[in-house]
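The following pair of complexes shares a single chain, chain A, combined with chain B in the former and chain C in the latter.
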Partner chain A sequence: MPPSSVPDLSSVARLVQAYSAYSLNGFVPEVILVGGFLIAILLDVFTRRAKSKSISIYFAIVVLAMAGIASAFQWQPFVAGQPWKPGHLIFPYSQTLFIPMVHESVLERGYAMAVVDNFSVFFKLLISVAGIFMLLMSLASQELRERSRRLGEYSSLIIGMCVGLYLMPASLDLTMMYISLELVSIAGYILAGFSRDTEHGAEAALKYIMFGALSSGLMIYGFSLFYGLTGTTNIIAIREVLALNPATHTGANFYILWIATILALVGMGYKISAVPFHFWTPDVYEGAPTPVTAFLSVASKAAGFGLLIRFLIFVFPEGTKTAAPVLDWQTALAIGSIVTMTFGNLAALLQTNVRRILAYSSIAHAGYMMAALVVGKADGTVAIMIYLATYLFMQIGVFYAVMLIANKIGSEEIDDYRGLMTRTPLVSSAMVIFLLSLTGIPLTAGFIGKFYLLAAVLTPDAATHSLPWLWLAVGVIVNSVISLYYYLRVAAAMFLKRPLRDMALERAGQTAPPLPAIQFGVPVSALLLALIVPILVLGVYFQPLVDFASGVVRFFNFDNIRY
Partner chain B sequence: MISELPLLTFITFLPVVGIVLTAVVAKDRIPIIRGITLGITLLQLVIAVLIFLNYNGSLAGVNDARSFQFVERLPWIRLSGLGIFGNLAIDYFMGLDGLSVAMVLLSAIIMVVGAVASFSIHRHIKGYFIMYLLLDIGVMGTFCALDFFLFYIFWELMLLPMYFLIGIWGGPRREYAAIKFFLYTLLGSVAMLLVMIGLYFSNQVLLFDGAHHLIMSPLTHKPEVYHTFSMLRMMDPSAMVPGSILSGLGTTWRYIAFFALFFAFAVKIPMVPFHTWLPDAHVEAPTAISVVLAGVLLKMGGYGILRLSLGIFPEIALSLSWYMAMFGFINIVYGALCAMAQSDFKRLIAYSSVSHMGFVLLGIAALNSQGMVGAIMQMFNHGTITAMLFLIVGVLYDRTQTRGVLEFGGLANQMPKYFAITVIAFFAALGLPAMSLFISEALVFIGSFQTWQTWTIVSTLGIILTAAYFLWTLQRMFFGATPEKWNNLPDINGRELASLIPLAVIVFALGIYPAPVIDLLTSSVNALVSIVHAHGPLEHAAAALVR
Partner chain C sequence: MAPLSHYLAVSAILFVIGTAGVLFRRNAIIVFMCVELMLNAVNLTLIAFSQFLGDQTGQILVFFVMTVAAAEAAVGLAIVIALFRNRQTVDIAKVNILKW
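Showing the complex of A and B:
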C-alpha cells in the first residue's frame, strides 16, 4: 500500500491538539457524573448525623437524570446517505505506528479514545434509566435500610460505576475499553459486597473479585497481543491494519489473532455473564443487595454488550462467513450462544431460590442476545438494542418484585412464595407479567425483543438465499420453551399452590387461619406500575422503540463502512 | 347497514369491558360478577347472530381481500426498514369468510354455555371470570384476525388464562395438567413464530398512504417496498420476493415451514401423537373450561390448518394429504380405542374428542368440497356435542365428586331427566341420523372416499368403536343396580338444563336441516379447494406417493 502523498504530520498534530480541548464538550455527561461523584462523597461527610440517609440516594437520582438529559442532547440527527462518521471524538490522538496517513485527516477516521455517536447515546440513556430505577428501588430495600449508615458510600459508588458504564460502549480504544471496564468492575466489587456482614454478601464480593481479576487479566493480555500484531490500540486502526497488511493475519499470526480475540472476549464475556465465564453470576446475584443485582444484570450487561458490539463490528466488520477476511468469529460466538442459553436454562430448572433462578435466567438471556450478535450488522445490532431496552424493564421489575416480597416474608425460597396471590395480589400479578415478559409471551415487551431477535437470526443470507443460522433460531425457541417451565414454577407457587404451613396444619387436623395480607404503600405500587406500563405498552405498540434503535444503527451505515 | 359497523371489533373486545367492570366490582358481589360475564357473552352471541344473518354466503374470501366480509383494516405498525429487515407493516386486519364465520358463531354459543357452567365455581370468583373473559378475547380474535401477527398474538393470548383456569380452579393434578398444556402449546406456537418470520421476509407489497398515494422512500424517492404479515399476501405466490426463502413451489424450505406450521396446529387439534396434553387438561379442568377447551380451542387447530397450512402452502398440503388422511384415521381409531379403555368418565369424553377431531383431519385431507365442508361442519357439531358431554360429566361430578364410570349404575331410574339428556348427547356423539354429527361425518366420508378410499374404509371402523364405547358407558352407568350411596342423587336442575337444552336443539336442527350452516361455507370451501388444486391434479400427486 504505497502512500500517495505524505501528509504534513506537524499540522495534523496541531489540529489534534486544538481538538483535544474542544473534545471535552462531548464529555459533558461524564463530567456531570464525576462531579456528582465528588459531591456525593462530600454530602456523605456533611450529612453523617442526619436522620434520613436517603438524601444521598435522591441526590444520585438527580445526578443520573442530569447526566441522562445531557446525553440525550448529544443525539445527532441522521443524515441520509452519509457513511459512519465519528460524531464527536474524545481525546483524539495521532500516534499510530503502521497506518500511512493517506486518506483524510485523523479526525474523520476516529483515532480517539472514545466517541460520542448515537450508539453510545442509546446506551447512556439505557444506563441512566436503569440507574434511576435501581436507585428508586433502593429506597424501598430492607437490606439497605439496615445498613443506612453507609448509604452515602453506596450512592457515590453507583454514580462512579455509571461513569465506567457510560464509557464502555463509547470506547474506540482498547485501553479505554479496559479502563472503563475496570472502573465498572471495581465499583461493582464493593457494591456486590455491600452486605459484607452476611455470609452470602462476603461470598458474592469475593467470587466477583476473583473471577473479575482473572478475566480482566486475560483480556488485557489479549489486548496486548492485538497491539503486538497491529501496532495500535485503536479499534478502527486495528481494522485498517488488518485489512491493509495481510501479514498480520496469515501464517502463525492467524493463530495469534485467534488467541487475542478469544482472550479479549473473555473479559467481555465475563461482563455479560456468558458461559463459561458465568461462575460468579449466581452467587453475586444471590448475595448482593437486590437493587445492585438488578443493576448489574441490566446496566452492566447492557454496557458489556455495547462494548462487545463495538469491538466485534469495528474490528471485524464484514460479519458474514464468506466475506470475513480475517477470522470466522461468528461460528465461535454462535456455539457460545447456544451453550450459554442452554446451560443457563437447564441450571435454572434445578434451583429452588428465586434469585438464583433469575441469575441463571439472566445467563440464558445473555445467550439469546449473543445469538443476535452472531448475525452482527444492522439487523443483529438493532435486535440487541431492542432486546436490551425491553429487558431493562422486565429484569428490574422482576427483581423489584422479589425484593418487595423478601422485605415482607424474609425469604426468596420458592416454597415460601406459596399462596402469595391471596396475600398480595398486586405484586403477584406484577411478578407474573414480568415473568411472562421474560419468557417472551405476546402482548409483553419481551415478545417484541424476542421477535426482533429471531427475525435477525432468521435473516436470509442475501447471496445464497439460505438461512445460515436456522439452528441458532431453533435453539432460541426451544430454550424459550424450557425457560417457561421455571418461570411458571415461580408463578405456580404464588398462584396455584397452598402455603406449606396450611398443609401441615391441615394434616394435623387443625383449620388454618389465612396468612395475613401484605400491604404496600403508594410509592411502591407506583414504581411497580411504572415498570409494568412500558412492558405492556411496548408489547402492543413498539414502533417508537424500533424506530429509535434503527435510527441509531442507520448511523453506522453498515453497508458503507470505509477502509 | 349492520355490516358496516365494526362488528368484529365489538365481538372481540367486548370482554375488555367485562374485565374492567369485573375488576371494579367488590369481591363479594358474586351474582353481579357472574352476571357481567354472562351478559357480555350473551351480547357477543347477539352480535354473532347479527353476523350470521347478514353474512352473504355467495362471497368466497379465502385469498381474495375484496370478498371478505365485515372487514376492518387499519395500519397498526409501520416501520421503515434497514438492512435486510426491510420495511415492516402490521395491520389491524379483521374479516370473516366461510372458513371462520361458523367458528365465530360456535365460539359465541360455547362461551355463553361456558359462562353458565361457570356458576358452579366458588373460589376466587373474580379472578376466574377475569381469566374467562381474557380467554374469550383470544378465542374470538383468533378466528377474526387476517394478519398473521395479530393472529399470533390472539393465539398466544389464550395460553395464560387457560393455564390459570386449569391451574387454580382445576382438579387434584391441576398443576401438572396446566403446565403440560402450556408447554405443549407454546412449543407449537414458537414453531409457528419461526414460520411467520420466514413468511414475513418472503413477501413484499407496495403500500398506499391515507391519500391513496404510494408511500415513497424519503431517501431514494422510489416506492417503499414493505414486508407484511397479511395472510392474504402470504397466500399469493406472486407476492413473494423472487428468490426469497419461501418463494417458489414445493421447495425444501417450504416443506420445512409447512411441517413447523402444521405441528403448531396438530398440537392444538390434537393429532396423535401430540395429543397427550389433552386428556390431562380435560380431566383436571373445571367443567366450564373443559367445555370451552373441547368446544372451541381444539377447533383453532383445524381452522389454522385450513386457513394457513392449506392457504399458504397448498402444493405441500396437496402432496402430503395422504399422510394427513392417515393421521386422521389414526386419530379416529386410536382415540376411540383409548376412550373404550377409560374408566374415568371425563377422560373417556376427552378421548372421544381426539377421535372426533380425526374426522376433521380426514375431511381436510380429502381436499374436495364435500370433505372440507364436512370437516368444518364436524368442528361445529363436535363443538356443540362435546360441550353437552362435558356438561353432563360436570352435572354428575358436582353431585358425587367422582367420575369413575364403574362406580355408577342404574342412574336411569335415579335421575330420569338427566338420563334423557345424556341419551340425546350420546346418540348425537355416536353419529345417529337426524342428529348433526351424522351429517358432517357422512360428508367427510363422502369426500374422503373419492380421494383416499383405503383410509376411509378403515376409518369407518371408528364409527363402530364410537358406538360401542358410548353404548357400553350408557349401560354401565345408567342401567343395572344402583349402588347404595347414590340412592338420593338429585336430578339435573334448571340451570344445568338451561345450558344443555339449547345445545340439544342445535344438534337436532342441524341434523335435520343443515343447509343454513352449509350455505355459509360452500363458496369459501370451493375457493380453497381450487387454490389447492391449482397446483397440480390430485391424482398425479397421489399416484406419485402411492408408487
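Showing the complex of A and C:
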C-alpha cells in the first residue's frame, strides 16, 4: 500500500466519530426494540397475578408497532433522475480491513456491519406486521393461556427475536450475519419449547436446537473459510477481493470457495427450511405453540430469504458466464429449489395432521421462492418480496384458523375437520380462502405472488433470447398442481364430508343429533377478517405492492452494486 | 513456528469429528459437546487465518463465536432437562413421537 493512501490517525478518528453519530440514526428501530425488550422483562417482574400477565403481550404489540413506524421513516423515496444514494451505514469500520485499499474512501464503499436501505426497510416492515399479527393471535391461544404465568418471558423473547430478524436482511458483514442469525435461532429454540411440559413441546425444541446448532456450526466454518480466502468478513469487500485477485478462485482455491459457499448456504437454507436442511420443520411446526409456528414460518423465513439475497447477490453478483470470478451457484440453487418443492409437496400428500401438512407446504413454498432467487437480479428479488408479502397473510391466516379450530375441538387431525362447515361457517370459509390463496388460485393474493415469480423465472436471457430456466418454471407449475390436492383435501373434509361419528351412528341405525355449533367472539372474528381482506384486496389491486417492491430494488442498483 | 496448513489441518479434523459426532451419537449431551467441538474448530481456523493474514477481524469473530456457543449450550442443556423430565431419557433415538 503506498503511503500516500494511508490517512493519518486523526482524520480516521474524525471520520469514525462523524460516522458513528450518523449511523445511530439508522439504528432507531433496533434501539426501540432493545429498550422494549428490557422493559418487557421488568414488566414481567412487576405483574404478579397470572391474569395480568397478558399485559406484556399488549406492550410487545406497541413496541413492534413503534419499531415498525420508526423503520417506515427510514424509507427513502425514489425520485427518477436523481443519482442513486447509498443507505445509512451502521457500525462502519475501516482500520482492520486487510484488502488492497483503492483510491475511494472506505465510507463510500460500504464497509460496515449493516446497512439501512430500502431493502432492509421492506423486511423490517414485513417482520413488524407479522409480529403484530402473531401477538394478536397469541391472545386467543389456548396453549398460551394455560401457561399465562410465563407470558412475560414469551413476549420479551419475541421482541428480542425481532432485533435479530431486523438485522438479518440488513447485514453487510459475515459477523453480523452470524450474530443476527443466532439471535433469531436461540430465541426461536426457547419459543419452540415454550410448552415444555408436554412431550411434543420439549421434543420439538430439542430437534430444533440440534439441527440449528449443526447448521450454524457448518455455516460459521464456511464463513471462516471465506475469511481465510479473502482476508475480510465484509461481503462487499469479499466480492471485490474475489474480482481483483484471481488467486482466490483458481486452482485448489476454487474448490475451497465452493465448499465455503455451500457451508454458508447450509445455515441460511436451514432458516428457510430448504431440503435437505428441513428435518426440523414438521416437528417444530407441530410441537411449538401455534402462534410461534406461524411466526417462524413467516418472519424467520422472510429474514432468511433477505439474508440469502444479500449474501448471494452481493458476493456473487452475476453468473459464471458473464463475470469471471464467481461460481455457478445458480444451477446448484435451481436443483435445490426443484428438490425442495417436490419433496415438500409429496411429503404433504402423505400427512393426516393439518399442521404437518402446512409444515410440508411451507417447505414447498420455500422451494418456489428459491426458484426466483435463482434468477437473481431485479426481477427475482422483486418476485421474492411480493411473494413474501402475500405469503405473510395467508400463512398466518391459515395457522390462525387451525389454532381456533384446535382450541375448540382439541384436534388437528384431518378426520376431525369433517363437517366443520355446518358448525362454524366463518372459520371454515376463512380457512378455505387461505388454502386457495396458498395454492395460488386467481383473485387471491397467492396468485399474484406465483404470477410474478413465474414471470421472473421465465425472463428470457438478454443475449441469447432463450429461456434458461424453463425447466424450473415447469417444475413450479407441476408442483402447484400437486399442492392443490392436499390443500383441497382439507377444504373438502370441512365442506363435503360428514363427521365420522354421524356415519358410525347411522350404520348402527340411530339418528345422530347434529354436533354443537362452535361460537367465536367478535375480536377473534375481526382478526380473521383483518387477514382475509388483504388477501382478497391484493388479489385484484396489487399494483401498490408491486410498485413498493420495485422501489426497493431500484435502490439496489443491480447493474452496479456498490455502496 | 508451524505453518498455516498444520493449523488448518488440525481444525478441519476437529470439525469433521464434531460433525460426525452430531450426526451419529445418540446421547443428546454428547451431541451438544460435539457442537462445541465444531465451534472450537472454527475458532482455531479463524485464529490461524487471522495470525497468517496479520488482521484482527478473525479474532473479533472468535469472541462472538464463543459467546454464541455459551448461549447455545445454556439453552440446549435447559431443553435437555425439560425433555428428561418428560421422558426420563436423553437418548435421541427414543425421542420420536413426532414422526418424519
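Keep in mind that, in the parts below, the second predicted complex is superposed on the first by the 525 of 563 C-alpha atoms of A that agree within 3 Å, B and C clash if a C-alpha of one lies under 4 Å from a C-alpha of the other, contacts with A are read in each partner's own complex, and residues count from 1 in each chain.
Operating definition for what follows: contacts are C-beta pairs under 8 Å (C-beta built on N, C-alpha and C of every residue); 3 or more make two chains touch, one makes a residue touch a chain.
Remember, predicted model here, so these are calculated numbers, not experimental data.
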| item | value |
| --- | --- |
| Which superposed partner A:P442 touches (first chain B, second chain C, both, neither) | first |
| Partner chain(s) touched by A:S550 [first = chain B, second = chain C, both, neither] | first |
| Which superposed partner A:G287 touches (first chain B, second chain C, both, neither) | second |
| Chain B versus chain C as contact partner of A:V481, first or second or both or neither | first |
| First, second, both or neither for A:V184, with chain B first and chain C second | neither |
| Touching residues on chain B, where the partner in the complex is chain A | 77-85, 152-153, 156-157, 159-160, 163-164, 167-168, 174-175, 178-179, 182-183, 186-187, 190-191, 193-194, 197-198, 200-201, 218-219, 243-245, 253 |
| Footprint of chain A on chain C - complex, ascending | 8, 15, 18-19, 22-23, 28, 31-32, 35, 38-39, 41-42, 45-46, 49, 52-58, 60-61, 64-65, 68, 71-72, 75-76, 79-80, 82-83, 85-87, 92, 95-98, 100 |
| Residues of chain A that touch chain C when the two form their complex | 96-98, 174-175, 178-179, 182, 186, 189-190, 193, 196-200, 202-207, 209-210, 213-214, 216-218, 220-221, 223-225, 227-228, 231-233, 279, 282-283, 286-287, 347 |
| Chain A to chain B touching residues, read off their complex | 80-81, 377-379, 382, 436, 441-443, 447, 451, 454-456, 458-460, 462, 465-467, 473-474, 477-478, 480-481, 484-485, 488, 492, 495-497, 541-543, 546-547, 550, 553-554, 558 |
